[in-house]
Amino acid sequence: MAMVCLSDFEAYAKKYLPKIAWDYFAAGADDCTTRDENILAYKRIRFRPRMLQDVSVMDIRTKILGSEISFPVGIAPTGFHQLAWPDGEKSTARAARAMNTCYIASTYSTCTLEEISTAAPGGLRWFQLYIHRNRAASQQLVQRAEALGFQGLVLTVDLPYTGKRRDDVRNGFRLPPHMKVKTLERAFEVCKMSLLDPSVTWNDIYWLRSLTRLPIIIKGILTREDAELAVKHGVQGIIVSNHGGRQLDEGPATIDALVEVVEAVQDRVEVYVDGGIRKGSDVLKALALGAKCVFIGRPALWGLAYKGEEGLQEVLRILQDEFRLSMALAGCTSISEIGQHLVQFSRL
Amino acid sequence: MAMVCLSDFEAYAKKYLPKIAWDYFAAGADDCTTRDENILAYKRIRFRPRMLQDVSVMDIRTKILGSEISFPVGIAPTGFHQLAWPDGEKSTARAARAMNTCYIASTYSTCTLEEISTAAPGGLRWFQLYIHRNRAASQQLVQRAEALGFQGLVLTVDLPYTGKRRDDVRNGFRLPPHMKVKTLERAFEVCKMSLLDPSVTWNDIYWLRSLTRLPIIIKGILTREDAELAVKHGVQGIIVSNHGGRQLDEGPATIDALVEVVEAVQDRVEVYVDGGIRKGSDVLKALALGAKCVFIGRPALWGLAYKGEEGLQEVLRILQDEFRLSMALAGCTSISEIGQHLVQFSRL
Amino acid sequence: MAMVCLSDFEAYAKKYLPKIAWDYFAAGADDCTTRDENILAYKRIRFRPRMLQDVSVMDIRTKILGSEISFPVGIAPTGFHQLAWPDGEKSTARAARAMNTCYIASTYSTCTLEEISTAAPGGLRWFQLYIHRNRAASQQLVQRAEALGFQGLVLTVDLPYTGKRRDDVRNGFRLPPHMKVKTLERAFEVCKMSLLDPSVTWNDIYWLRSLTRLPIIIKGILTREDAELAVKHGVQGIIVSNHGGRQLDEGPATIDALVEVVEAVQDRVEVYVDGGIRKGSDVLKALALGAKCVFIGRPALWGLAYKGEEGLQEVLRILQDEFRLSMALAGCTSISEIGQHLVQFSRL
Amino acid sequence: MAMVCLSDFEAYAKKYLPKIAWDYFAAGADDCTTRDENILAYKRIRFRPRMLQDVSVMDIRTKILGSEISFPVGIAPTGFHQLAWPDGEKSTARAARAMNTCYIASTYSTCTLEEISTAAPGGLRWFQLYIHRNRAASQQLVQRAEALGFQGLVLTVDLPYTGKRRDDVRNGFRLPPHMKVKTLERAFEVCKMSLLDPSVTWNDIYWLRSLTRLPIIIKGILTREDAELAVKHGVQGIIVSNHGGRQLDEGPATIDALVEVVEAVQDRVEVYVDGGIRKGSDVLKALALGAKCVFIGRPALWGLAYKGEEGLQEVLRILQDEFRLSMALAGCTSISEIGQHLVQFSRL
């Protein structure tokens, strides 16, 4: 079976993963409308390609928060990589480093932060966290991540409670007994997530700020109002995200929300987006609409499910090739030439 | 079979109810366009969720016409509950009381008003009526309901004649011989409804007003013009409804009509809506667009068909949990925080 | 099999007619886009129903060009009724008279005008004609029709050449040897229609005018420009029509074209519409948008195919009942109360 | 099997061509969105047909760059005709000449330019070229074409790199060993196209201009900005094209792009369009929106696959008949009467 595009990896993962794991990764909240809209919304954006631009030399490198990456696609935080591949997040870390891009390790990793660090020394990594009821636990995690060389903190703000993912309820999803949420270093029951603190507010950004010198990236913003608040509270970056459609169903597709967030932020901080990226041209669209970088969630898991580190590299390489080709065919040779003039919203 | 969402109850009811009963409950007029649009129209509304709002303490109680209910979902009037469950409306009354919400008993109940009252003393109940050719009969019903402690009168105005429900015609639908429309205390032929008076006009609201001290809620309004007339004629509440798509096909979806009715009414009376509610987030959308409360019709019948009183409670509990979760994920902690800023109409 | 709505007759006809006849009646030009759009366009129109209007007494009679009909639905001109039922147009004439409505007999009738007249003396009938290369033939037809008591001349203007109906080409459609286009009183080959004159212009309306005192109704107008010209050239009526989608594919749906024609005509002449009428509520929509009456084509043929005169009466009676019910549920009691306030175009 | 419309030829080709050849011809880039949109976009355009225009005498001839053709449909450049029919481009040339229209021979022809010329002396032909890294090779091709009597040079500008056509990758597409890209007179590997120069810019138009007195037509323009540049750089014609959806996926449908290009060009040069033409009425729409002529790609290949020269003639004849009929039914008798008043964009 030739792996030509990301859908091939999806088909592979659906076929070979245990149903309960596939369902967990694939799950969206309620009717899965937002999960699917994330993808469909890209289809409503049309390119305006320009010709005869001398695209013989292509440079697709970019920087996020000052660190260079080989192309503007990183790995979004997702949990439980051992469900996809025995080596779990260690493979993810190695693949990201090999491709010279950024990996956002999830709080719900099945490897410890130390294992992740050791697996791929020197790789660019950010650490994704929630604020727990037990603030000391959060503090300890932040400081461990900083000590281990993680270069950014990604605070997820759209999960005061876990969204209702019907298949997980039907399946009675929980981690198999031999896996643990090692990052949290204790037994963990997924569908409760009772450790998370739903009372968190914008003021807690200041508290988090006080714990660390790392840049803070806030993940889960979908409106201009919240984007404005994020800037005002001093974050360094915003990830426009709806948690892959796993939290509140029937909110906006992330690529649609990106437009209003970018407009509100006015370049004061970097804006990223995740959700629905399936082709290199999707990356180009997101950048044209103002994203500095995109992050992939499920496609990374499909890559892991296919062949671990090697499979994820293959996913990233395909995206990289497709992105470069899209840029060239649209008439751009470097990231700085990408802008809103490249796209228009379809009438459909 | 895990009952995770309302569709599970629908699937159960379709499988286990006699076809003639399922068809009667499911029926829409003509091509069933409006019945289906009631649901689809909710899909065209997108949330604008807000983050970091301290949603640790949630209060989803509200009041309708001064009475507190545990959450803004009541039971819409539907006929013939014995077709769904042997105990019929007695089970409905018990479930509504157990969940501390409002039950609108239909004129076409297969239990008497007395049986309904006795089954769940102290429950919040409204009585739904039509104006019959024999006004004395209507008057007697109103006064019986008032004496039995019903706290509101719901006058249905969209059924001067019965809509054309093709499956009912094909099935030759009528009640089985052992069931009776006991509320009306006489034999009754469904497809004729010859008792109803198609000559009723707005002036009859004054006549109804003269019979009772109960608040009058008018059910079946779909335009700003009629909403204005309803307020002018002194009703206390309006239920935006198209009779579940069973009367005039190809009128507006109720959630769309709600917008113009709310705008016309300008808070002078309470506005409610029924039709198409299938998830807790639908309730949140209706409230964001100005409804004080929503009412469920077919989902209540599915709950009855599943396990009578207990099944209906399960339906209500699921809606309650989903509604609370949607509110939290949208950043609201109480009903008063819900407003139009939470939603936008999709381009699709 | 209960015949509840027009689709039941369609299903019957599809099942029992010879394929070649079904295909001929069903055919649309090219991709059949316009044929199908005629129906879909009605679905994009939503009612704004009004309540509490005293609809106890309904009057659905109307007048077209001064003649009273029992309700605003007539029989559009279609050819070859013997393909549907042995008695052909004689049955059609009888059914139309029995239902007290107008029948437009086609030039391509398989009965003579005399047979049609004799079959149902006193019925309201118009005669549909083309202008032939041999003007004397046209003149003779006009004068025969007038002498036989036809009360209007319907000049079809959208067939200078026959549209490309793929199935007819594939089937090599032609009339069976025992049928003849008796109206024209000579052998006739359908797919050539070489008799029609493609050089006809607006000036020929004056010529036609000079032949007869009958009112002239022009059929096949789809734009405001042509509507204006029709009025200017002295016709008494306009039928907005795209020939059931059988001529130029991908023109407007007739209900959409009706809006611009009505606006252009400003009540100077009567405007009718055909194409896509499948329910009584479609009739109500057409009248709300300014049509004086609608005409049905294929549904009349399905009725004939079902049971000849009796079947067509059944079709008309269903439409009549549905139309009356739609009017009542929308809050109207007579034709004069129907207006544009009853409808709005859907966002979809 | 009757060949009634172009879809019949498509079905035939799909059935009888080797899968690898069918896939190559059918391929679109990535998700094939643009390939399919090229067709769908025509469906969103509605005619406004005019009646009673005397369409007895039809003249559908037109001129492109001064040369008369029998109707405004030419053959777009596509590669590897021997994959469809043994005689390859020789058959194409003969069919085009027989139908008195223009054939744009592709650089990737499997016959030499000399063979093409000899096969159909006197036919109107343009030569399609890319600019190669080896400019001398390009120069030689241009001068050979000019010497052989080709009357125009079509410079394709949307292929600095080959688009990603997934099926070709999966199939490992390459020419069978017995075929050669004879025009280039050397062995050739399709999926590399390493000969093309991605550094080409607008200035190279001046270089090309210096080589030849032939008119230059630029193919692959999709925006008003590039149309403006093309005019400024002195080309004689523009083909609005997205390479049949084989290059950048999710750009505009060509018929949509045509509108903005025509507006920008303001009649300074001739504008043509290819992509998505499947019916004579599509041709009429393109002309109404300002195209001087359209070119067909895949339908020509289907015609070849059916019966070589004869099959392609049949395709052209069907388009010609359909185009003439559409014109007549829309009320036009000559190309000069076709204009924007004939069409409107549908709400859908």
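For clarity, chains are labelled A, B, C and D in written order, and residue numbers in each chain start from 1.
We take it that contacts are C-beta pairs under 8 Å (C-beta built on N, C-alpha and C of every residue); 3 or more make two chains touch, one makes a residue touch a chain.
Just so it is clear, the model here is predicted, and its values are computed rather than measured.
Q: To get from chain B to chain D along touching chains, fewest steps?
A: The least step count works out to 2.
Q: Does the chain B and chain C pair touch with the same residues on each side or with different residues, judged by whether over half of the numbers are shared?
A: different
Q: Would you mind reporting the rotation angle for the C-alpha fit of chain A onto chain B, rounded to the nearest 5 degrees?
A: Resulting rotation angle: about 90 degrees.
Q: Could you tell me the distance, in whole angstrom, between the mean C-alpha positions of chain C and chain D?
A: 42
Q: Taking the mean of the C-alpha atoms as each chain's centre, how many Å separate chain A from chain C?
A: 60
Q: Give me the residues of chain C that touch two or more other chains.
A: none
Q: Pull out all the chain pairs that touch, please.
A: Listed in label order, the chain pairs in contact are A-B, A-D, B-C, C-D.
Q: Can you check the complex and tell me which residues of chain A touch chain B?
A: Interface residues on chain A, with respect to chain B: 30-31, 33, 44, 157-158, 160-161, 163-164, 166, 169-170, 197-202, 204-205, 220-223, 225-226, 229, 247-252.
Q: Inside the complex, what are the residues of chain D that reach chain C?
A: For this pair, the touching residues of chain D are 2, 4-5, 43, 45-56, 279, 281, 321-322, 325-326, 328-330, 344, 347.
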